């Protein structure tokens, strides 16, 4: 602890130095490269294809951002543990992942205005005895959620008597857990569930029509990059108006169209 | 279903090979560096200087006692705040080298301590210098004790290298995580990842076992 | 005489090995008590006494394997333990033969003999090997040049150890119970080599209970008990007319069989 | 990340860390006991003359040593249900750690037994002891002394390895740190705190190793 305190003392100075530097956008222009941290949580937002090529809804939006900036893009691929440190330590300019901008998180990073709304849904194995969301409220039901995701919180509120199990490693593993019987139900973002269940034969899962919550998704950057934040909001505004956002979401999130290419 | 998934996985072999390559290159570099550094530290650890020895001891404890993930985070994310900016590969090499050096230091120190004092006295009596005593008399005999666990430690370190995925390097384990997004079958994917590690590690385990047998049978004990 | 007392540099008359009022403690135990002893060049001194009497410690002090607490120990004109003395250099002048041989198990007989000459004396390897072979032949081991210690009997190992010391062309040879760890039938082959070394005029201190050896080559026998030198004299005097009860008791024990 | 390091938040999450610490401790302890059992059985198999027992033991030990714990954990976690065993995460986790550490412990015990001088075994054979008596009265008590330090070393490894169980939703120490990282986006606070707790556990185990080796050392001297 002592060492940490020493760190902080030394770093207060270092922090001042970075805060005083030029605008992030200028820096990006000069560098000619936009550094984006992504979390490869699975389709439809971010995935890696068979040959290692990176793709997905968020990934394409980030590429569009770089194109509009007129710079190249560099993806930094971290697992969940490394994602936030990458942004906070300045290794990445911004964070593109299917993240819910909660108020608590907003204390540490600067979120853009939400670019889409989704929500947590409940899914079960098609032939299981859990047919409705009500069924999953039974005492001792094993419910799979993603560690740290908003679905985890939603599940705790919606199923107070259930046995909540938090997994790491992305939505597909929740489907795997439910498919294998480690959990009775799963709770995750509806777009993710729909996108990821396509890896299974059609009709493997029952996805409940009702949503537990309505959640926004947003990109994130740091509070010491206000110019970048303003620009990102402007970008989202523009692509909403000219329909490019809708096209992206229709391809990736609202349909299985992406499946054809991957 | 499984066959279909397997075919889909087989299509990812270039990615898997890249991951395996990253694991091998990362391990190879840091094991070589870590071995050199570890031997140096082990020799200093058993050398006469109390202060140096206890500083090394404290450092080894700190590294052995904390999760490797935290060490790699400190090097990659926190050092930049002190003006030391490293790319992920270099940070991974540094972290893994340091980890290797600390474990190897303890193995080497134990080996050196196992050499009978009579040997050092004999070398001392014939006027060999400190370095000559170490080089000609102590280390060759310590190697008998050191080699088998050293190679065993290599295997552990190769497996520990998977933690580098936390700072964005695509090693074999990371490939597993990426692929499982597309082919959601944890059993199959990580079984294959296990096979990948097995291919790298098993020859080393065989080597360790052979060394152990050879060292045990070699011109070991002085006959009384 | 410019200085009336020469406590630091030693008196004008100096033996090859000079103990003057040497004391040593292991913790509270006074293992060497006020030792004063001088060994002349070419002299052979046998040190004997019951186990724990400090005789091994005594000779280990000479090449600095043990450090002394107070008193002076001058070897070949140099003070042992003085920061100004280059101990590594001094040790090259002193051969030391251990009870347990301490041959390097990872090196052959020849490599054991040539290691120090090559690395310390910087003698070219070919030359050192030639000398090493000659030495091994001299101790009767011409055919064991490439054998590893584990392939040699105890007596052969000890002879290699003696050859290893001689390879440095030392001025002094110290022997710490060189035959105690040997089977009886091997003792004589080692003693024969030691006699040969003594007859070439080597300065020697030998800790041993081999009284035959003492009678044959020693000029002096030193008897120690409880860390002190109790008696010192020619072998004849010591064996025939021991002066103290302790030495009589000791002799009666070791000569009984 | 460090200039805004918030000790206050760590304190706020301390109860969670405490619970995680307790879980880590008892599940590691249980796994270690399990690993000892696995290790002793494997080692006994490995020391038999015939290949019937030795070959499977060797194959198992090699397979475990050559593959990462992660793969083994998933193998059990996703594999067992296919065979019809759906076990709670904690049970799977403890099983995985026991089976993993057991392989290493088997090697440690074997090295300990082989370190007993031949003369000891010969003396006990000469006095007419059976194999079991020889093991129980002569070999194992001596081997025990040699194996205690490496066994505690393995215990340290096991405690750190237990962090992997957070992957299958066991709420242990690492999970607590990850929660702080994902709820509050405070990774530095989360990971530095778990590092401190692991270090604490490390020093406890190391202290135990020092005390036990001193105790065993003096016991050996008395014997």
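By written order: A, B, C and D. Residues from 1 in each chain.
In the analysis below, contacts are C-beta pairs under 8 Å (C-beta built on N, C-alpha and C of every residue); 3 or more make two chains touch, one makes a residue touch a chain.
As the structure is a prediction and not an experimental result, all values here were calculated from the model.
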If you average the CA coordinates per chain, which chain's centre is most distant from that of chain A? C
In terms of CA centres, which chain lies closest to the overall middle? B
From the C-alpha centre of chain A to that of chain C, how far is it in Å? 80
Could you please state the distance in Å, as a whole number, between where the Cα atoms of chain A are centred and where those of chain B are centred? 35
Report the inter-centroid distance (CA atoms only) between chain B and chain D in whole Å. 19
Quick one: which residues in chain A touch 2 or more of the other chains? 7, 11, 14-15, 81, 85, 88-89, 169, 176
Chain C touches at least 2 other chains through residues none
Give the residues of chain B touching no fewer than two other chains, as numbers and ranges. 69, 73, 77-78, 81, 185-186
Listing every touching pair of chains gives A-B, A-D, B-C, B-D
So in the complex, which bits of chain B are touching chain D? 61-62, 64-67, 69-70, 73, 77-78, 81, 152, 155, 159, 162, 173, 176, 185-187, 190-191, 193-195, 197-198, 201-202, 205, 216
Write out the stretch or stretches of chain D touching chain B in their complex. 1-3, 62-63, 65-72, 74-75, 77-79, 82, 114, 156, 160, 163, 174, 187-188, 191-192, 194-195, 198-199, 201-203, 206
Chain C residues touching chain B - in the complex, by the definition given at the top: 63-65, 88-89, 91-92, 94-96, 98, 100-107, 115-116, 119-120, 148-154, 157, 161, 164-165, 168, 181
Chain A partner contacts - residues on chain D that touch it in the complex: 1-3, 5, 77-78, 81-82, 86, 89, 166-169, 171, 175, 178-179, 181-188, 191-192, 196
Chain A contact footprint on chain B (complex, rising order): 1, 8, 11-12, 14-15, 18, 69, 73, 76-78, 80-83, 165-168, 170, 174, 177-186
